[in-house]
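Chains here go by letter, A, B, C, D, E and F, matching the order in which they are written, and residues are numbered from 1 within each.
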Amino acid sequence: MKLSHFDDQGKAVMVDVSEKPDTLREAVACGSVSMKTETFRLIMDQKINKGDVLGVARVAGIMGAKRTPDLIPMCHPLSLSSVRIDFIPVEEKCRIDIKATVRITGQTGVEMEAFTAVAVAALTIYDMCKAIDRSMVISDIHLVEKSGGKSGHFRWKGNPETF
Amino acid sequence: MKLSHFDDQGKAVMVDVSEKPDTLREAVACGSVSMKTETFRLIMDQKINKGDVLGVARVAGIMGAKRTPDLIPMCHPLSLSSVRIDFIPVEEKCRIDIKATVRITGQTGVEMEAFTAVAVAALTIYDMCKAIDRSMVISDIHLVEKSGGKSGHFRWKGNPETF
Amino acid sequence: MKLSHFDDQGKAVMVDVSEKPDTLREAVACGSVSMKTETFRLIMDQKINKGDVLGVARVAGIMGAKRTPDLIPMCHPLSLSSVRIDFIPVEEKCRIDIKATVRITGQTGVEMEAFTAVAVAALTIYDMCKAIDRSMVISDIHLVEKSGGKSGHFRWKGNPETF
Amino acid sequence: MKLSHFDDQGKAVMVDVSEKPDTLREAVACGSVSMKTETFRLIMDQKINKGDVLGVARVAGIMGAKRTPDLIPMCHPLSLSSVRIDFIPVEEKCRIDIKATVRITGQTGVEMEAFTAVAVAALTIYDMCKAIDRSMVISDIHLVEKSGGKSGHFRWKGNPETF
Amino acid sequence: MKLSHFDDQGKAVMVDVSEKPDTLREAVACGSVSMKTETFRLIMDQKINKGDVLGVARVAGIMGAKRTPDLIPMCHPLSLSSVRIDFIPVEEKCRIDIKATVRITGQTGVEMEAFTAVAVAALTIYDMCKAIDRSMVISDIHLVEKSGGKSGHFRWKGNPETF
Amino acid sequence: MKLSHFDDQGKAVMVDVSEKPDTLREAVACGSVSMKTETFRLIMDQKINKGDVLGVARVAGIMGAKRTPDLIPMCHPLSLSSVRIDFIPVEEKCRIDIKATVRITGQTGVEMEAFTAVAVAALTIYDMCKAIDRSMVISDIHLVEKSGGKSGHFRWKGNPETF
């Protein structure tokens, strides 16, 4: 068993994908932001008439996906084909779930782009609300599904609550 | 109660800090990455002789803190004074805890920089190990402590397990 | 009469501001996007119920202001204190006017940051609507007001129609 | 009629181009910077012996085209094949016209890259000359021509004065 | 004889590669950092137990290769397929040699990416050690080998000492 | 003797400068690009009538200085006060020497910014000329002078040939 981003002497490398074929690939990641009741209410209300926290977070998440190779050292720079972000408010838990779906026709997968989109959207929700709730928690960022590469189809088998 | 990043008509703004004094400010954030036993072992072993996952993640986290204003829409661009990242392996849980400490002498706080450092370090651990463990989960990213601004000292009062 | 960004031999330089005092400075720039009637209507309607073109453009403009030193070669990297963007729909002209206000306590002015915010917000409006209207025109980007530096207060004396 | 960057619920998305074929695409955009007579003269003279405003603006515009996906939220990151910028001095109007031509072999068009090149070149001209002329105006940024995508050939039919 | 990045009137352009075929290309560049004996010893020792200068420099070099189009004005933005960096300590000279190998399947070569990787890794070594040795010198950055493009195979024929 | 960018356990850190006073600091770095006679001639001639290699390289170097914290992992993000780049053609050696001078009023020095400016300018000269001369060599990048910090004044005492 071996970590692919290190060579035989333990040196970090950006792995060579130059001879892999271009295939259609998709990755879905998710995560959640938990908060106080009043913060949750304010976000839901703002959406309608006083400011759109989730709208700003969606833009940030999509732009964040594009910055993945600037942030994650061994990630390949990629020409992403599509990024979308969905927010699923879970009222009884005062939690906003975030789902990012990224697609590409390319030589390598887009898991990290989906993760980064989720993380940046979550951080943005925190930033937009931190003046009223410093105790928000970002949790449960994980891969939901991945398809299209040589490593085959992956489907998350964990806790069904989030996705 | 009002979200500070929106004005009275609900328009997003980068809030005005131009008349605030420069003060010494510090923020500490943390988070964790949970993984399979063999992944945890491999990271711990690699550290010694076959590649340094945490070393790469530390560099990524520190660089990530500097990219915060590029990622989080309403964050001010800041001249950070210091960033440090600590990893605390929790063997019995197969979990790596991540703590980021950011300092500045400036007009606004550095919470988001500490959060971004944690998130980017966590995403990098995922990326470096994903070939052997796609089911890792990033969780519990929260503010531990914050001092030095007008809003006073904040100390996390939640779950004592992580920090 | 001399261009400040060139030295005596005509070489481009980032001019030296190291001995200038920190003062509170503000710059206001504006510009406009003209479009077909139906595009204008769609933007105004979308704002209410089907997507928020101006919300996305506002986030882009604020983030764009922060990228100014990456884009404009001789601009100093600056710790901006505040950025805000206002959109003024001019219904009878099917035109959206854009106004950006940037503040800093620093050694040099923020005109270019205000201009860049306007330009990026305008480009984003174009991008969001180009599928239905390729003939939109971005015009009249100019400085409205500037205060706080050694060069004194500037107030635009041109065409009163926009600002 | 629908804005392509929003889904059916009005959420912003980076539209999916993963199944579109790679084709050769070109976009041409233009714009202009109007200024005082002496500013125009100085730029024209400087070109010859005391500093090259347009040379700096050309480099900035080409580099700006490459930053388009960092600036415009829903733009795809693209491997541009070519960027060129032409300046056309219009002496009787004391105006510099700017034309940017961008090409790619790819899945989506490069209009926004051509627009961004024009805007950044125009902003740079402003920045290089602002010490002597704060009243310059950037105007008339529009698409001149576009070819190679599914939406067919577009040719600007407006005001013949600029292009 | 003509510089390819200028057109017939001497204007800088990003040259058009839109009709070139995708081929597998590789470039190898190298360079060196010379230092005092004790600095060299410290780097070699640190590697083992007190901090990993070369590990940090390797991450920086790989990330630097990805920033090439942001830094070098006429470079095309590229989807790099692989980047690796090797350090070769030359004990008798108190010198660390750096070799970067970059691959792509694309329309243009990756020499500048290999050069940038070497330069950024070298600058990082300097930065990490400058507190104890300000007189380090970075030298001999050159192309070692290049293959896969229309211009044919290039093999460095100079000084055999470094590579 | 200790490397300042590592803590006592050998972990990389961005060192804490939050309590250091703002002082005026300056750093001067230099380096050189050696080339074939005809390449050198072409650059010198182009300057006059067919394209301005050094003009493009100067813009790239100044912009590169601003990207230093994005490239060098442990560098602080700084509000640079001034950057200038001089090229000194050394005809008898077919070499272009590059000198970068960076100033700041700040809490930490700007050596790395001066180095990065030299390196990016040198890489750009290579890029602009590589179609006619792949064997150019970048050498002798070193610190010439540094003043203004606690570590005192540094003046290079090496080879007098370059600076």
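Here is the rule we go by: a contact is a pair of C-beta atoms (placed from the backbone, for glycine too) under 8 Å apart; a residue touches a chain by one contact, two chains touch by 3 or more.
The structure presented is a predicted model; accordingly, all values stated were derived computationally and were not measured.
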item: Mutual neighbours - chains that touch subunit D and subunit E alike; value: A, F
item: Furthest chain, CA centroid comparison against subunit D; value: B
item: Fitted rotation between subunit C and its twin subunit E in degrees, CA, nearest 5; value: 180
item: Equivalent of D-E within the choices D-F, C-F or A-C, defined by over half of its residue contact pairs recurring; value: C-F
item: Farthest-lying chain, centroid of Cα atoms versus that of subunit C; value: E
item: C-D or D-F - the one linked by more C-beta pairs in contact; value: C-D
item: Length of the line joining the C-alpha centres of subunit E and subunit F, rounded to whole Å; value: 16
item: Subunit B and subunit C: spacing of chain centres that average the CA atoms, whole Å; value: 32
item: Averaged-CA centre spacing for the pair subunit F and subunit A, given as whole angstrom; value: 38
item: Junction residues of subunit D - those touching two or more other chains; value: 11-12, 52, 55-56, 59-60, 63, 67, 70, 73-74, 77-79
item: In contact (per the touch rule at the top): chain pairs; value: A-B, A-C, A-D, A-E, B-C, B-E, B-F, C-D, C-F, D-E, D-F, E-F
item: Touching residues on subunit F, where the partner in the complex is subunit E; value: 1-6, 10-12, 31, 38, 42, 46, 49-53, 56, 59-60, 63-64, 67, 70-75, 111-112, 115-116, 119-120, 122-124, 126-132, 134-143, 146, 151, 154, 156-158
item: Interface residues, subunit A side, partner subunit D - complex; value: 24, 55, 58-59, 62-63, 65-67, 77-86, 103-105
item: Complex contact set, residues of subunit A against subunit E; value: 7, 11-19, 69-70, 73-74, 76-79, 106-107
item: Partner subunit C, residues of subunit A touching it in the complex; value: 52, 55-56, 59-60, 63
